[in-house]
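Two complexes, one shared chain (chain A), two partners (chain B, chain C).
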Partner chain A sequence: MTSVAPLEAPAVRALDAAPRRRPRNWLVRLAPMAPALLLLLVFFAGPMLWSVYTAFTNLALTGSSTVDFIGIDNFTRMARDPSFLHSLELTLIFVVGSAVIGQNTLGLLIALLLRGRSKVARAAVTGVVIAAWAVPETVAGFCWYAFLYRTGTLNALLGHFGIAQNWLYTTPMLAVIIANVWRGTAFSMLVYSAALSEVPPDLTEAAAVDGASGWQRLRHITLPLIRRAIVSNLMLITLQTLATFGLIYVMTGGGPGTASQTTPLYMYQQSFKFYQLGYGTAMALVLLVVGALFSVIYLRLIRLED
Partner chain B sequence: MRRTFTIAALAAIALAGTAACSSGDNNNSGGSTSKTLTVAYQKFGAFIQMDDQMKKVKAAYEAAHPGYTVKLVPIEAAENDYYTKLSLMNRSPSTAPDVMYEDTFLVNTDIQAGFLAPIDEYLAKWPDWSQFSDTAKTAAKALDGKTYGVPMGTDTRALWYNKNLFTKAGLPVPWQPKNWNDVLAAARTIKAKLPGVTPLNVYSGKGAGEGATMQGFEMLLYGTNNTLYDDAAKKWVASSPGFLDSLNFVKTVYGDKLGPEPQDALNPNFGTSVSNELLPGGKLAIDLDGSWLSGTWLKSGAKPWPQWSTVLGQAAMPTQNGQAPGSTSMSGGWVLSVGSHAKNKQAAFDYVTLSLNKDNSQAYDIAASQIAERADVAADPAYLKSNPTLKFFTDLVQVTHFRPAYAEYPHVSDAIQVAMEAVMTGQMTPQRAAAAYNDQLKAAVGPDKVASGS
Partner chain C sequence: MTDLTVARRGTTRTVTFVVLAIIAVAFLLPFAWLVIASVQPGAALSAHLDWTFSTANFRAVLNPDTMYRPILNSVIISGGTALLTVFVAVLAAYPLSRYQSRFGRSFLYIILFSTGLPITAVMVPVYAMYSRINLVDSIPATIAFMSAASLPFAAWMMKNFMDGVPISLEEAAWTDGAGWFQSLHRIVLPLMVPGLTVVFIFTFVLQWGNFFVPFILLLSPEKQPASVTIYTFFSQYGQVAYGELAAFSILYTLPVVVFYSALSRVLGGAFSLTGAVKG
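Entry: the complex of A and B
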């Protein structure tokens, strides 16, 4: 905030001295940005506006050569579509289970445990965790598929205890949640490591001298100090997880039945298997709203300003 | 002032640059200049015959038409994804292929979308068109009476069974079941006598996609007294007694463990493991599958297996209770179509006729184990000798059925897969799955286009 103040002063003075020159200055300043602005409009805002428009039409991939504006029909249809509501429910379970609880907590835990450890230990743990993150989504999905499948590694180990089964078939949601936690933890860990390094050690030391326990120091000093990082981490991983498609598609394809068909998978089915692009895009808009709701909740729960 | 000018000039240059980039892209990705032909087709898993064939035709076409370049676009995707990718290509004139490999079941849908060009005027000048049977000529004939593709070959479906396993289990060889119960009885005998062998495979569930609907469900349903679509009333048939019986058959196969494990059968790659591992490995006794299956085991196929013709036998799929005509089958097939955005439709059509002249049709039908659509190929001794199962599968054309290939069909097909999967996994009883199918059907095609099944 403070860095903005000195910049404002000359601008105000210039305005006083030559009020007429201001529009031209403004144009001149903007001119170099024009190409970038144009590209942004064409490739960023364009598709976004197009997809909003599409959500209110019956655009189809094939089967019809005309596109009609149908108002909010797609949205009323969604409200009555049990498969969609089921998929939304699974999406919420997936986001809360894998992002809010799994990724977030595990990432924070690893970051806390790594604080003040030797360089070797930090490098080893960080390396392993980040490797999981660096693996492409489909490869990660296939690794987990190979691990959990009926003839997979996990069953080769569990076979001795007689509880071998196709985990993707018996516990599909748990399987994709664990896989996503495995893959996404690195991101949260990095965010929290950076935030924790900003916590002044003298504060925690002072609290320790005053007799605060480890938990009390975490609860009353560390967590309040990194709350901004917590909010941004939660927002980012929620949006990422809401849109997760490849991992689930590779591991279970949304099956068995619709047991792991989250909204992105249902969206894919409607858009590309039934060719109903309009309906699929309308669901994407709903997902956007769900993401915004999550953000509002986070902001309400964690007050950023004192 | 001077600075303003410089900046404006720089901006103009930058803009011109971006414009140049984008127009350059268009030229490159378009590929559809009048001297370049784009040919899109599927290449996936064990299905490599089309790719081989198109490479040969490309060379021949470029030699015969100097100055022309053929750009092959093999789309490496499973069936469902192939349709999607082809539709996406077709949506933009700059990426739309000139010639495409098109499933007959999507022809009507794609015509409605305006992707395909009618080729009647070119066909009229093509002497070879008279070699195609009347049924073949209607394969890509749309509701508007125009023709939109030249058939490459057709297929039928039946039961493949392993003679060695049958002998071991004490079952008669050759085998021809008279009704559904005979099929299930044989499967039960195999299960009792040969542990470790999957007795009977009926494709089911969303993993197998259209294969589950056609090789699985429709092979059952069209053997009952009901169908999916009432041609006379032009309405879809809501779940009928035959529909329920077919679901009950699926329930028996998977519920009584006569079929593969549902978790295996639901794997999208299950079809490939049937043809590449289970059948050649003697792990599967009876397989309800397509006439093209042996293409995988030819020398040119993905999994050469010279003994297949002595090990495997074929039996027609019986009707439910043996009612006339005693057996049933389903037929599909693929055509080559000219895209509506093709700049030079004559050149595109020339590519189609070169691909499907007698020699090339014959080579493809033999390699891909297709049932010939051309009379001269069907009569050729080399073709008849090429595959010992050809006569068997060609004869099934007499009892075969076609899918109601309307724009709503993909939706209906998916609703069937959902019902099958719910039954095979035990999530729903056949009654509940049939009721859910009714709801889905009404939502997909509109309640006024559904007739009650009886």
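Entry: the complex of A and C
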């Protein structure tokens, strides 16, 4: 907001409150947005709208030139397709386990622990955590593949306990969840560090003087103050995690069998291996709806907190 | 302050330190294999150190087919995407930052929501559309899609950075009759170079590692970026040369490390998403 105190003349106030400058018309105002809107319309909104139509057809890449409108067949087929339902279940486990619980909690924990630490400690911990985030997806997948392999680093460390095994084969979902926590925590950590730096320290100090425990201060002062950051963070990491493909594809390929085949992997298989584009697109729509549902839930929960 | 609270504070400090150290080590462990395997000639999938080091793996991957061409493709694709995204995002951020009252928070929340839309879900319809108009396997078309996908978040960050440039600086230019373009170009942009750098590097690094989009949209191996060839190259052959895979991974990750250090240097070590994701 401008620093002009809107006391003097009404004219000044009007100038200050409404548009700070008066362009000829709204077209001129919005002109700079044209390239962005064009790009989004052609490459984003266009395909999305088209996908809504495609989801109701039997479009396939098998050479048959006719595309028939088949109504909600793709959706009823999904409801009866055990592989799809299984993949959706795995997707929900993956999102809740790795994003909502894992990344979110660990990111907040690290951000809280780093408050008031020395510069060196901060740089070391954030550096390592960000490194896991910055590494390209495929490299991250290979690192975890090797780490969890039968002769990998983890088993070398655990070897003395006699529980060495190929973790990718025995616990594939847990493996990809932990790998995704490792990879995504940096984002939550950065968001929460930024939010925490804006919490005035005197508030928590005053509560500490009044005898509030660390947990009470966190629960009743810090968390409510960073509420908005929590919602933004949960929304973003949920949507990102919902779409995770490369990491799982490199680590397990959806296997063994279909034990870690989340919906994006199943969608890939149906669309690009079996050429069922119509069916794949219908699944894409379901994924988008799931993402929207999560977002609505987060916004609701935070409302209730008020 | 009583002795008790001092003592308790000391314990808390130690516990915090230990927990942070455990977290740091846990985050480092998965990298162990990568580093060890890359310098050992007969490396397998184990982080077993047999104290024989060589640069054989690095020498083996440093040739045009394995390394140079995919990396060059990555530079073209990520660089092109980052440039286009920054350019379009700056323009889009200007009205968002300057005419807030009209657009309101809800509009910004729509942008924030669309930043996270699962790209994976959009890929199938995009592929269907591209295959219809013969854009599959085209690098410019891939760049256009990647820019569209990175745009919402870039515009969101850009708007927050632009909010930091006081509007009063522009008012003088407006009274002199400068249009939005002159005002943006002469006054706002020079003041937000750090913001532009952050958005550029952020987009570049994200697309440098992007696997799914080029994996779907680029079919011929000579057009694919390193993120895809690293997967296809090393999974095609029955006998995987793990040492070479590790060496390749390290070389391919190096630019990201350089960029991040440059970024924290530029912003005086204060690099975080502070300005970017405040909401």
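Following the convention adopted for this analysis, the second predicted complex is superposed on the first by the 265 of 306 C-alpha atoms of A that agree within 3 Å, B and C clash if a C-alpha of one lies under 4 Å from a C-alpha of the other, contacts with A are read in each partner's own complex, and residues count from 1 in each chain.
The rule is short, and it goes like this: a contact is a pair of C-beta atoms (placed from the backbone, for glycine too) under 8 Å apart; a residue touches a chain by one contact, two chains touch by 3 or more.
Note that this is a predicted model, so its numbers are computed, not measured.
Of the two partner chains placed by the overlay, only chain C lies in contact with A:Pro264; chain B stays clear of it. When the two structures are aligned on the shared chain, A:Gly255 is found in touch with chain B, with no touch to chain C. In the superposed model, A:Val209 makes contact with neither chain B nor chain C.
Contacts of A:Ile163 after superposition: neither chain B nor chain C is touched. Of the two partner chains placed around the shared chain by superposition, chain B and chain C are both touched by A:Pro35. Once chain A of one complex is fitted onto chain A of the other, the partner contacts of A:Val120 are absent, as it touches neither chain B nor chain C.
Judged by the number of chain A residues each one touches, C leads among chain B and chain C.
In the superposed pair of complexes, A:Val129 makes contact with chain C only, with no contact to chain B.
Contacts of A:Phe272 after superposition on the shared chain: both chain B and chain C are touched. Residues 28, 31-32, 34-35, 39, 61, 150, 272 of chain A contact both chain B in one complex and chain C in the other. By the touch rule above, chain A contacts chain C in their complex via residues 2-3, 17-21, 23, 28-37, 39-40, 42-44, 46-48, 50-51, 54, 59, 61, 106, 110, 113-114, 117, 121, 123-125, 128-132, 134-139, 142-147, 149-154, 156, 179, 182, 187, 190-191, 193-195, 197, 228-229, 231-233, 235-236, 238-240, 242-246, 249-250, 264, 267-268, 271-272, 277, 280-281, 283-285, 287-288, 291, 295. Listed in rising order, the residues of chain C touching chain A in the complex are 16-17, 19-20, 23-24, 27-34, 37, 44-48, 87-89, 91-92, 94-96, 98-99, 101-102, 112-129, 131, 144-145, 147-149, 151-152, 155, 167-168, 171, 174, 180-181, 184, 205, 208-212, 215-216, 226-228, 230-231, 234, 242, 245-246, 249, 252-253, 256-257, 260, 269, 272-274, 277-279.
Chain B makes touch with chain A in their complex at residues 3-4, 7-8, 10-11, 14-15, 17-18, 80-81, 84, 87-88, 90-91, 106, 109-110, 112-115, 205-207, 261-264, 266, 268, 407, 410-411, 414, 418, 421-422, 425, 427, 444.
Chain contact summary for the complex, chain A toward chain B: residues 24, 28, 31-32, 34-35, 38-39, 60-65, 150, 166, 168-169, 253-258, 269, 272-275.
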